[in-house]
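Beneath this line is the structure, given in structure tokens, with notes to follow.
Chain lettering (A, B, C and D) follows the sequence in which the chains are written, and residue indices restart at 1 in each chain.
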Amino acid sequence: MEPIIVKYVERPELKDPVLIEGLPGVGNVGKIAAEYLKDNLDTKLMVEIFSKYFPPQVLMKGDGTLYLVRNQLWYYKDPKGRNDLIFLVGDYQGMSSEGQYELSYKVLEIAKEFGVKKIFTLGGYGTGRLADKPRIFGAATNQELVKEMKEYGVYFSETEPSGGIVGAAGLLLGLGMEIFGMEGVCIMGETSGYFSDPRSAYFVVQIVKEYFDLDLDMEELKFRSEEIGEITSQLKEEEMKQESEQREDLGYIG
Amino acid sequence: MEPIIVKYVERPELKDPVLIEGLPGVGNVGKIAAEYLKDNLDTKLMVEIFSKYFPPQVLMKGDGTLYLVRNQLWYYKDPKGRNDLIFLVGDYQGMSSEGQYELSYKVLEIAKEFGVKKIFTLGGYGTGRLADKPRIFGAATNQELVKEMKEYGVYFSETEPSGGIVGAAGLLLGLGMEIFGMEGVCIMGETSGYFSDPRSAYFVVQIVKEYFDLDLDMEELKFRSEEIGEITSQLKEEEMKQESEQREDLGYIG
Amino acid sequence: MEPIIVKYVERPELKDPVLIEGLPGVGNVGKIAAEYLKDNLDTKLMVEIFSKYFPPQVLMKGDGTLYLVRNQLWYYKDPKGRNDLIFLVGDYQGMSSEGQYELSYKVLEIAKEFGVKKIFTLGGYGTGRLADKPRIFGAATNQELVKEMKEYGVYFSETEPSGGIVGAAGLLLGLGMEIFGMEGVCIMGETSGYFSDPRSAYFVVQIVKEYFDLDLDMEELKFRSEEIGEITSQLKEEEMKQESEQREDLGYIG
Amino acid sequence: MEPIIVKYVERPELKDPVLIEGLPGVGNVGKIAAEYLKDNLDTKLMVEIFSKYFPPQVLMKGDGTLYLVRNQLWYYKDPKGRNDLIFLVGDYQGMSSEGQYELSYKVLEIAKEFGVKKIFTLGGYGTGRLADKPRIFGAATNQELVKEMKEYGVYFSETEPSGGIVGAAGLLLGLGMEIFGMEGVCIMGETSGYFSDPRSAYFVVQIVKEYFDLDLDMEELKFRSEEIGEITSQLKEEEMKQESEQREDLGYIG
């Protein structure tokens, strides 16, 4: 068996395409963001990727049928004629370190075929805290991109993310830069990491939308984001209440 | 060493053969079912599979001799001339994700050689509860099979199994569909998952028997099934007794 | 890097050689036994095996120098002209299931080159109990060997070892039988499994000595065996004392 | 993807070069030592190594840009015309046993290309205790090197390190000796193993400096070493205070 099996559904001609990755990860921020973009733009499936580096698993579609876990590439033709986009989405990332490298390398090979020179990877940055408004962190392959992304409100920190970036969101940029001569940026939405976080994804998508000047309806993601926003507010209120009660309790003792 | 070593014992001519898999798994339902079918039909060994993806282990036969762990294919010639059957049985599934993929892929290659176009995989669906009568869940590669299997009493749920199907029972269908153009269905007997469950296997075998109109003596499996049925009833009675006692205890307190 | 690197130190002509394996395992019984045989017979180093399936480790010789972990084959020319012997000894077994298969397969390839048709694997059978006199269990590739080894006092059980035999001691026989057409027997000395057990190894070596009619001085191993025997007796006495005290304590309560 | 990707930045002519390794490990002693040497001698980057055996990770540079984890070789031209040096430094060692072997083997292949015949590996020897002055342990591939290194104050013990040497520091010597005909020594600075230990590294660097008669400014490492020295003294004082208090407490009881 080929370790990675690539099925080409279509081989479109693409103009200055940018690869945009969003696979499962912290708070599923990248996955939610990339799938929202894919689902709400006029995209078409171009490539399917199966691999022994994914779990040995089929998933249910809800109608009694099943499908093998996979990654997919979908393309979007930019009506304004600037950058076409290729979205990398899927059920899983590689299960092992080696699988991660092999899969990212293969995706970059495919991306190169279609002329990709720039990569956006989308992800979550887990802080363990409930934030009022999630900040959007960035990490780029070069200083020019750092400067450019700052104009879109992306925050570049000297110290964060302190552990670097693990998985496809990091590897696509690292291998892309070192082996394939591509440049790119990772856009990370702050998230508690405790649950799937469409709110953080909302702010990530906003940046992609603005950067590529996309005609994208944000309503549904905004709605899901506000739901999370309310839950977060309630959780934060309860936290504060508990803390103040504890302070009172201590007061009695003190 | 070849990662998977295939020994052909016989290369029979088979008519529209269907592959029926039953390897160790939840409640060993699939293994018990497939081995019961293999042992109680007039089957012959055709292929033996050894692999470094199995544990590095030999097992005892009970007479002082040992054998290397393996998977096997046994064939059954349908006297009615419709579908010959190939049974996949064995001591273990692959130990790693990658081994699972490699082994399922190899079995599908062999199956293709013999003309297999349809696959039945048998397994258990662990619920953590003792069921009075186990339901039989299904998951298929296409809607036609979903409809067909419903007529045999297989239950297709929108939500279950929620985690999909892991291992050979899922992979053979997923890879079979995507890479080998085969169709198939997974038949899962509900089981607690706490012990080897011939009762759940009994209902799985019944469906296979009816679907392929097999002349199969069910007596022994029925006997083992009823033993489990009695144990289950006793366990359930004790559970209920304990619960009602607890309720009484609480009554005194309340 | 070749996954397994084989260095031939010498390529001796051997007469009907038998491979005798003793690598680290339960109670180190096999390792102690095989190394005692190797050290106390007139053996010569013939092959060294390095591999990425061993741990990435060097060990100290005690004089400030180090050596890379390895397996070795040593040969013994039978002065009586019946069976020459090849001993497989080493620092480690393969670290992964796949490494175990690869290493056993490679050893069998080398053994075949030198004409090996029969294999003895030596090991420990961990019972978790301190035995007065360890029994010697066997498992063989065929009934003839079972009968033959019974005459040497090897005990073949219908049920033990219930989990089969894991590692090189099992694989060399399983792969040897299935792929290389060799026959063989595993000789397992009963051991608690709590410590390195030269006493169990002593009884294993006795059987090898008798079977091959070896002119072997057993004094040193006997001495180490008796030390263990004394420790075992003391431990057992203390166990019994504690148990009887506990019984008395319970008597007061009862 | 090639499992290990080697990028040659420069292919210098080197005179009797010695490979000096210092990768992350116990107390990061080897890493601190080798990087201090690399940074404070007039070295140039010659080779970069990327690999799927490293973690799938990019790290941050502090200016918003990222880099893929890697190992590097830097060379130093000895102005006195004796031994040029090649330093092996990097973010990680291989993640798996097999990766460790593959990476060390590849480094040795590269080293051989440039004429390396001798290897120094630098590491920490974790004792779990805070030492007043760390001893420097050694382990060499031959007796001549043992003798030679003793003159530089390296301590060769009959029993330590009792578990041998694990990882690149051991493998480079073991594989270098067995497969590439190189000789070498591992220099291990005693360290508690609880934190990064520039103090232990200081004494390791001292030995390398003296052995190769390097014109090396030790000031910065001395400063960092003294900081650790003070912390160690304070921690030891507190330990002793606590112990004496405990003894007093026990006195009251006794």
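By definition in this document, a contact is a pair of C-beta atoms (placed from the backbone, for glycine too) under 8 Å apart; a residue touches a chain by one contact, two chains touch by 3 or more.
Predicted model, so just to flag it, every value in this text is computed and none were measured.
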| item | value |
| --- | --- |
| Labels of chains that are neighbours to chain A and to chain B | none |
| Proportion of interface numbers common to chain A and chain D (over half same, under half different) | different |
| CA centroid of chain A to CA centroid of chain C, Å | 54 |
| Gap in Å, rounded to a whole number, between the CA centres of chain D and chain C | 38 |
| Residues of chain B whose C-beta touches two or more other chains | none |
| Overall pattern in which the protein chains touch one another (line/ring/star/complete/other) | ring |
| Chain A to chain D touching residues, read off their complex | 94, 97-98, 100-102, 104-106, 138-143, 146, 156-162, 164-168, 170-171, 173-175, 177-179, 186 |
| Complex contact set, residues of chain D against chain A | 1, 3, 5, 7, 48, 50-60, 62-69, 95-96 |
